[in-house]
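Attaching a single structure in structure tokens format; questions to follow.
When the chains are written out, they are named A, B and C in that same order, and each has its own residue count from 1.
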Amino acid sequence: MRGRRPTPFGVLASAALVGVVLALALPLVAILTDTAPARLWASLRSDASLTALGLSFLGSGIAVLVVVVVGTPAAYVLATTRFPGRTLLGALLELPLVLPPAVAGIGLLAAFGPQGVVGGALDDAGVRLPLTFAAVVVALVFVAGPFHLRQAQSAFGALDPAVLDAARLSGAGEGAVFLRVAVPLAAPGLGAGATLTFARAIGEFGATLMFAGSLAGVTRTASLEVYTRFATDFPGALALSAVLVVISALLLLLARFLTARGEVDARA
Amino acid sequence: MLDAHLRVRRGDRLFAADLRVGAGEIVLVVGPSGSGKTSVLRSLAGLLRPEEGTIRCGDEEWFARNGRVDVRPRDRAVGFVAQELALFPHLSAWRTVAFAIGGEGGRAERRAEALDWLARLGLADHADARPGELSGGQRQRVALARALARRSSALLLDEPFSALDAEAHAAAARVVRDVVSERRIPAVVVSHDAGDAVRLAARVSAMADGRLGAVEPAPS
Amino acid sequence: MQAAASLTGALTACTKDYAPAKVRLSFAGSDELAAQIRQGAGGDLFAAANATLPQQLAAEGKVGRPEAFAGNELVLAVPAKGAKVADLDALASDEGARLAVGAPSVPVGSYTRKALGRLPEKQRSAILARVRTEEPDVKSVLAKLQQGVVDAAFVYRTDVQATKGAVRAVALPAAIQPKVSYEAAVVTGSKHADAARALLADLRTGACGQALRSAGFLAPGAAG
């Protein structure tokens, strides 16, 4: 029996995969190998790094909380009911995923800035959102929220409608159908969505800078700190970048794991 | 007393049903597959919206005036078994049954009652199993237990015994019969097995040419 | 050419018609450009918004000898209409005033700190307490002011001029005005070193020099 020769397409596709891996992985590997462990440790122990990382985690955590609490029921409605304009609305809600961060920042300023639609009213009420920590959270919710909305919609969309009907016929109100049946069954997908949202929020930069500014201890998150140090303290920027790479990689792995579990559950 | 006159459309087919089921009575709906039995049953449960007609159960109007009265499935309070079962994949057998028992009473009482239903259907040893860990016949009996446990004003069962062996089939039919006569509620059972008429002491109504024929009131 | 963000307007205009060579421009904060050059991602000519960065790079051997090609003036910028603060004193005394400055690592930020450092301690710390954001380049400092997000900002006079009347410049007292000198240098290892040197000369005295002057930049060495 003769072994099978690889086909020309197989060879080309494998070469493409190698190219993709090199192009994507090289800068990341370089960040990690360029960072001496001692240097990394020293940089991490610096107050500025810790403060920035703390702000990133706190801001992203609050943003994820807001997104999960508000976005999950919204995604459920989008996924399980039919109404006119539903497709359009779904696309609109995903728009921040593909918008350049600068556009997101301008949009937030146009809405919540002192001359903005909502911001003007807020200003009259004595609340100024831009350049505050709350503005960081708003920017993160806006930019990262669609990741959860998207994952949650597909998780709810994959549920068997007959199971939801069975819950209604067993006496459950719509709230109980959502909380006791839909959410537990969609849990892996929801977890993946929340994780992706968190990962995106940790990496957010452009919209935060434009809307919330950059002030140490108030609005300067880890990604802004990297940018601030880029010029004066490249090794420090590198060390903080390495931390962000590791955190992001772990979060993406977790999201992958949860998505895979969701698919297994859906098949069961 | 369940009293229904309705037309329901599925794609390009129109089904009509004219059905009266007395309190404590079981009507067995038979007919070839694709004859519309399931569509009629789902209309009664409120899962399908009839084109026209009326559905009444006891003193309540469930569907009337071309849909201006259309009570939600939940509020019709029927015990329902779907052909595809539609069990909750994340809940064990006893929790599935307890789900239908609902709010009144504490958790311990609900659990005891759920275990009782499972025992009556021969599933006492499987109370903690999830649907994925059960055989087809066991799953069907969990679905039946869930339907019976609901405080219901009618039972609507779509092929509730199809995956059961002879012994379990007879036992499950006996439980259904007992529940109907205990509660004095109407029941509609869809089955391809004419022997269920005897097992359930049911009146047979045949579905043919898209029509579930005029059913005479049962002689009491 | 890698040029400081504050040069954007003037250089874009004059290099478009620059005859001797085709000029490709890359604008960013001077510090960011310097970091790129340190990492070996340099172009041919580095035009910074200060003198220290080119001199540091020259000391490291990354660029040739820097030459001054323009000067500028640091000002306090406020909205032309409805300004909340009128001058440094008002800024120091109004606790609700919001101020945007450049990060210490960018020239506009270091000039700002240099100028404030010449103020009496009390006034300096009062003004620093008004800082709500430290921006990575002068354009985003100005953007925060134009969006109405802050009430005042420290930027260059040329940036104010570029807003065409939307923003008003409040001159700083001569005693605290830092010497804002723009220096440029040919990047070491440039493949187009001769063309880069010619362009540097043009920046000083040629068409680009004139464009810089008409955009409000001061002649090299003329800064206060």
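Quick notes
Quick note on the criterion: a contact is a pair of C-beta atoms (placed from the backbone, for glycine too) under 8 Å apart; a residue touches a chain by one contact, two chains touch by 3 or more.
Predicted model only: the values in this text are computed from it and were never measured.
Distance from per-chain Cα centroids to the pooled protein Cα centroid is smallest for A.
Among the remaining chains, C is positioned farthest from chain B, on the basis of C-alpha centroids.
Between chain B and chain C, the centres computed from C-alpha atoms are 79 Å apart. Centroids of chain A and chain C (each the mean of its C-alpha atoms) stand 35 Å apart. Averaged C-alpha coordinates give centres for chain A and chain B that are 45 Å from one another. Only residues 45, 47, 72-74, 77-78, 80, 82, 84, 86-90, 99-100, 102, 132, 146, 150-151 of chain B touch chain A when the two sit together in their complex. On chain A, the positions that touch chain C within their shared complex are 109, 113-115, 130-131, 209-210, 213-216, 219-220, 227-232, 234. Against chain B, the residues of chain A that register as touching in their complex are 160, 162-163, 165-173, 180-181, 184-185, 265, 268. Looking at the complex, you find that chain C touches chain A at residues 29, 31-32, 34-35, 38-39, 98, 100, 103-106, 131-136, 140, 143-144, 147-150.
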